[in-house]
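Each of the next two complexes has subunit A plus one more chain, namely subunit B in the first and subunit C in the second.
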Partner chain A sequence: MLKKIVLTFTLLIPGLAFSFDGSGLQISLAGDMVYDTGLNSGSSAEDKLAMRGAEIMFYTPVDHNFDGVLSAAAHDENGETVFELHELYLSSNKLIPRGRVKAGQFFLGVGRLNQIHQHDWPFIRAPKVHETFFDSEGVFDAGIEFGYLLPTDSYWDLSFGLTSGHRYGHAHTAGSKPSAPTHYVRLETFKELSASTDGLKIGFNYLGRTDEQKNSMSLGGIDLVAKWRDGKRLTYLLQSEAWYRSVKDINGDENQQVGLYVFNQFGLSDSLLIGARLDGFKDLSKRNSITDKKINNVSYAISPELTWKSSEFATFRAGFSHSFTKEEGKTIEEDTRFELQLVFILGAHPAHNF
Partner chain B sequence: MKYILVLILILVSSTLHAKLKVVTTSPDLSWLVKQVGGDRVKVDSLLDGSEDPHFVDAMPNWIAKASKADVFCLVGLELEVGWAPKILQRSSNKNIQVGNKGYCNVGKFVTALEIPKEKIDRSMGDVHSSGNPHYHLSPEQFKNAAKGVFEILVNNDAKGFSVYKKNLDATIKTINSIKQKVATILKSKENLKLMSYHKEFSYFIDDFNLNYYADIEEVPGVPPSAGRIARIALEAKSQNVDLVLGANSNPKKILEKFREISGVSYKQIPISIRKKGKPSNYEELLVGVAKAIVESK
Partner chain C sequence: MTMLIKILLVIFSSLALISCDDLTGADTGANDIPAGANALGGVVYKKISGNKLLFEGTMDNGGDSSHNFELELKLQDDKKGIFYFFANDELNQGMKLIVEKIGGNAKITLQINGFSHFVEKSLPADGVLRLSFDAHNDHEDAHILIWNLAGPFDDSEECAFDGTCIYNTESFTDPNPGPWGTHGKGSGSFWGFEGDKEIILKIKGPVRPISDA
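So, the complex of A and B:
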């Protein structure tokens, strides 16, 4: 019996290798571990090392016109490992001159963080504005996205997407048919700065969706990223997003929230980087349930961190995070924590966007 | 009516003589394409020659340039593997995608040095499985690259065959004469023992048969540890090394530390033609390297 199994594998493996060689299939695996511990009594840190994400990604040209991507991730959700499909799409950049199209399930092409896999973020956790509007990792959905590079001398890229909108954010349910599906548009541009590898990219975004209960959500935001590089060293990174969200219910009542984050990072050497992120968030519609008076509220966070990159494929990060929420001048929530992160990549890794 | 005809003639003639738009990753390739393409091509390079081409991002303005190109030439041998695929993908320019006639992987036409014989993995650092990609510092390999560029240009603009052939012959003569000039400079001080920080000078050393001792890097693309610097510096001292060559993008601190321990001087020099400034052509580039070597002591 054992001989038969060995023989079968011996015959299968070269066949498998041959099929990989001929197809150009690339496989990438990413491991993302986070340890956090609370430093004050109000902290919601879990005081444990969590396997936050284990992502596997396959990508390859499907034929002369199309490329295919499949990515799935296992997450630690309250101690339980949940395996979910992140992306499964067919795309092409060869059918329409200057145009890109993709169909399937993917992270929606809006903002900065939502378009980058979590293990590639330059900080450990999502800023409050991202977590509130796009969930702790990002929003993915099934549909179609089209992008077009405008025929101008400078870089202007316009993209829009339409996805089912049965659910929005992180959910393990089928959701329900929305009144208006998720739709979004993004315009991004780029300005070269002092040297050829220094630059500033700015994106303007709109996203809308009306759910089954006729709650109509509109999101508008600006994201920017600027990088200065000296040889291998990323000398300075500035990354920021500012978002406004409005949700109107069937009666016309409107909830508005606004938030932003600003992240600065300095390269001390090729492999050592120091950075800090400032988050701000405000609920513009929060009212006292008894008096119906508006409540003056604001949430802030500051998160300094130190990153050591052994290489492009292994990153160690240590950081503090201090966040608090104030209402009418009184602090109602405070969370101070220490965090460690370890990210590693096995196998291939696709080339990065700016 | 007469004016309309003249206008139509101007428009038609401008279309007939539309130059082939070539985008290259490096200014060295840009120089080569200009030599072979002559007036039939309009060339622009993405890099300006000051960067470390291993470690750059896929700059969006480069995507805009690539989107309008008829031909996209890259050094290849995995030098631009971290960013060029993204430029090609986001350009949505079918003509320049891998396998199409506007895709010009110049590395395919050269005989690469340092092709790993054993199975490679990431513990070995930034090892290029197809060999060392810094072939532009070899006049012999750059002539092979010129022949490759000629082939690609003819594939994209067959009408220009005779012009390209004439230019190719002239380019090979130019490179031969540059090689001769560099060899003469190097002859003025023979048998110098050289080292380099990274393997950027392998082809130059090989072409001109120079005496090479070792790299400062232990693992390619990874800054050497303090222990490695000390060990290799002491070895260099005992071996009477004359000079360490470094590219401008190599870490000065490490080279300085090496000099302190070994007493061997180093020179950081441009290893690429600059889009603006010096070296502005292939002759200035190679003569610059040769002069840096002979003027070492």
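So, the complex of A and C:
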């Protein structure tokens, strides 16, 4: 009897292992916790440790032509953990020479931060320009994206996307059919710098959408990432995005905003990095209803941060953030806070392209 | 590295074209209200077409933002007031809050892009309706929460059922689910009033929202 049991397990266990490995299925789990505390009376910090995100991701080749991705995340929304599907798409880079296609639900392929999961960002919180134009994490939608590597001597990659546009940004509802769906185009270039490990990537982006009420939004922006490495060690990172947004309503009334952030990070050692981000934002069309004159306004933030990477699977970050908004010579908002972040990843994790 | 230096040069040269005032948020006189301007309930207003009053105070980001408003109103029989939020400068394209006294109670009607719903609320002994109005117009479909001015300020989906808010457009079950869910949002950045202005005792806004739901 014992021999039969041992024989059964001996045959069964490798079989199970083979079926799992044979599928190529990769599973990644990521946890993102943030603690913040306000250092001035105007701070909107929550003074608590929030489970900001818990993400589970499955990805695997579906067959010889297609890859599949499913990612879902639970977020803390006012103390309640809300679970939502982030990505569910089929993609291929084998069907069309130099081309790749993606269909399903995914983060829109524009900008830098919008294409990277929040727990992989090099800083704790979204810059104001990203939060205002793309929400605190990013904009995802269901549709199709097509990319093509142009046949040029240097690297130029052009991608287009068309998604349903029923929702854009922060939404607790299903949205409604837009007058013009979300559409976007991105032209990206990459250049190797002095050594093969150093590089610079620049993206030029346009995104448009007209909602059911005929509010027509246009977004244009540039993103830039430059990295210098010493072997595998990151010695210097420069990351920046600048965006302009225009929204025209049915009567032709237009409002415009512009914003940018610049993040510099230096590697002090293999595991320790120090960086600082400068944010700027301006509402170009805010005007006083009584005098009908444009209200001069500007928002700034400076956020120095220290990052310790125990490994690529565990990251601890501590930082200060000081932001303020000035309007017609008066400071109308000021927020100073201290923040801590802990990110960990269990299992495999797909690499970012740069 | 050379390319990066060129890019940074272009960025900084572009910044040099922007005036210092734009970069520092300096005073240009835009908020200098003429002496003797009309005020209602503590807020300066300008009369526009018909019986409409445009209030001072502009929403952030062209109206893609969240703000709170405080309203203290002495309702009277046969008197009616319509507040406009996130509307254009002609007080169109926004959300409307209609307040009136019906059968001794306050009737509060919310209208957004043709969707409309109302609740009735008993009035206190002094007959003054005191409301805190949180409008989250940076959602795909604007999220509106109405509370008693003194609180509590519950923003959960069940707050209308629990009696901890007067109204919540994200209450999807009885007692007041409303027609909400595909109603869109206001597309302007101004607020104002139309109707019998004698019902207004005190108003305040736009200020930072109470809820971040």
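Note that the second predicted complex is superposed on the first by the 335 of 354 C-alpha atoms of A that agree within 3 Å, B and C clash if a C-alpha of one lies under 4 Å from a C-alpha of the other, contacts with A are read in each partner's own complex, and residues count from 1 in each chain.
Here is the rule we go by: contacts are C-beta pairs under 8 Å (C-beta built on N, C-alpha and C of every residue); 3 or more make two chains touch, one makes a residue touch a chain.
What you see is a predicted model; the values in this text were computed from it and never measured.
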Subunit C versus subunit B on the shared subunit A, clash or fit after superposition: fit
First, second, both or neither for A:Gln115, with subunit B first and subunit C second: neither
Which superposed partner A:Leu224 touches (first subunit B, second subunit C, both, neither): second
First, second, both or neither for A:Ser289, with subunit B first and subunit C second: second
Subunit B versus subunit C as contact partner of A:Ala195, first or second or both or neither: first
Partner, of subunit C and subunit B, that touches more residues belonging to subunit A: C
Contacts of A:Gln26 with subunit B and subunit C, given as first, second, both or neither: neither
Which of subunit B and subunit C A:Thr60 touches, first, second, both or neither: neither
Smallest distance from any CA atom of subunit C to any CA atom of subunit B, in Å, after fitting: 15
Common ground on subunit A, meaning residues reached by subunit C in one complex and by subunit B in the other: none
Subunit A residues touching subunit B - in the complex, by the definition given at the top: 64, 93-94, 96-100, 147, 149, 151-155, 157, 188-190, 192, 195-197, 199, 201, 227, 229, 231-232, 269-271, 311-313, 350-354
Residue numbers on subunit A that touch subunit C, as the complex places them: 44, 77-78, 132, 167-176, 191, 193-194, 200, 202, 211-213, 215, 224, 226, 238, 242, 247, 249-251, 253, 255-257, 282-283, 285-291, 293-298, 325-330, 333
In the complex, subunit C residues that touch subunit A: 1, 3-4, 7, 11, 21-34, 37, 44-46, 54-58, 60-64, 88-89, 92-93, 113, 138-141, 143, 155-156, 170, 180-182, 184-185, 187-190, 192, 208, 211-213
Residue ranges of subunit B in contact with subunit A within the complex: 46-48, 50-52, 54-61, 63-64, 67-68, 81-86, 89-94, 97, 99, 122, 222-223, 249-251, 275
